[in-house]
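This is the structure I want to talk about, given as structure tokens.
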């Protein structure tokens, strides 16, 4: 498929062009095959962004956001690192079609 | 200026959030920093935040008969080997970029002055943990 | 009136650095926040407070001489009232106070 | 260094400049490093807590929504100055904050006080 326009780090330029097929394609670039566990986090992250107009700006805060909605078996860095390798907050935001978290931290 | 910090004196970090031409903060902070150095104190780091990042632009070009604050700061930072950080989020918003950020965001130029590094707020959090004193120079009014 | 470096402040005592004019809300907020053993240092535009008859400054107040001279304000020490301070005196204050708040 | 929290003060109203937002980023950053942090809204800054904000038409983010993430990120407490709330006719707050009358004892209960 042809993906919507993205910046040079793979983040969507326009968040409204995101859909599940786009997510699968972006995930595949990082060798991630999206499962139910991934979708649970991706939808949580999109809901978080919709409510707070901000992506969790660091891995630690990503963990805290997940822990707030789910529980400790999912709101921990090992679990999120396994699902979204590399920098989990960035990888997950990229697949979820959210802006690159402010690199303030 | 003395260059060997005396033992037993508190170590300092300075935070500048007042802008270069919208406040006196960079000038006051420089005078204070020089007084610290001349009394044998250690300056652990300088952190520029908010409007304060304007100090770190290599493109600041004041008339020749006015103080060039950016250059004056660069001299102190180099002489005393003081690390100076400009907050990345504050800097990018205001058009202050190093080469790496210019490449990342596909911007036509980089303008970060030598002696300054672009870094996250973590450097500020670290200053609160590491330095005995963190002195903040805010904008005025 | 003693020089600021002549006494050891209690652990919770705070050095307040104010750089805004007495008309700025932060100036009043700072005065409200001052407690036992605190010291008030007037810097930059705050030094005009030494000429402002509307305010009673706390006994332990100093002002930066360079800022006062620039603004045409006297820098002579007076028996009562704010003490003129060089930047080196400011360093003595920041060494002595563990808590420092900028307003 | 003590374990008591850093207090970040917001005393400018929202939307007119970036000062409050950048103060909020400082609070988020402390939370990201698991350093205890609290926020105080004082003076016109209490307008950050006014319910029903929508800054979309200004092309800005709605700060009260950003602020809603604070407790999730681990900001220990939100405080609002009682007198300022009365000045600006604020009875309800979104997100909710604890009302205080900040004095020397209040400020001294924090390891650092940060005001941009």
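Read from first to last, the chains carry the letters A, B, C and D; within each, the first residue is number 1.
The working rule: a contact is a pair of C-beta atoms (placed from the backbone, for glycine too) under 8 Å apart; a residue touches a chain by one contact, two chains touch by 3 or more.
Worth saying up front: this structure is predicted, and the values here are computed from it rather than measured.
Chemist: Contact counts by the stated rule: is the higher one at B-C or C-D?
Modeler: B-C
Chemist: How far is the middle of chain B from the middle of chain C, if each middle is the mean of its Cα atoms, in Å?
Modeler: Taking the mean C-alpha position of each chain, the two centres sit 25 Å apart.
Chemist: Quick one: chain A and chain D, Cα centre-to-centre, how many Å?
Modeler: 27
Chemist: Can you list every residue of chain B that touches 2 or more other chains, as numbers and ranges?
Modeler: Each of 89, 120-122, 134, 136, 138 in chain B touches at least two other chains.
Chemist: For chain A, which residues are shared contacts with two or more other chains?
Modeler: 102, 104-105
Chemist: Give the residues of chain D that touch two or more other chains, as numbers and ranges in rising order.
Modeler: In chain D, 25, 29, 32-33, 115 touch at least two other chains.
Chemist: Can you give me every chain pair that touches, using the contact definition above?
Modeler: Inter-chain contacts occur between A-B, A-D, B-C, B-D, C-D.
Chemist: Given the complex with chain A, which residues does chain B contribute to the contact?
Modeler: Residues of chain B touching chain A: 87-89, 104-106, 120-122.
Chemist: Can you name the residues of chain B that touch chain C in the complex?
Modeler: Against chain C, the touching part of chain B is residues 9-10, 12, 23-25, 28, 31-32, 34-36, 38-39, 41, 132-138, 140-141.
Chemist: For a test of understanding, state which residues of chain A touch chain B in their complex under the given definition.
Modeler: Counting only chain A, the residues touching chain B are 7-9, 102-105.
Chemist: Can you check the complex and tell me which residues of chain C touch chain B?
Modeler: Chain C reaches chain B through residues 17, 19-21, 24, 43-45, 64, 66, 86-88, 90-91, 94-95, 98, 100, 102-103.
Chemist: Please output the residues of chain D touching chain A within their complex, sorted ascending.
Modeler: 25, 28-29, 31-34, 61-62, 65-66, 68-69, 72-74
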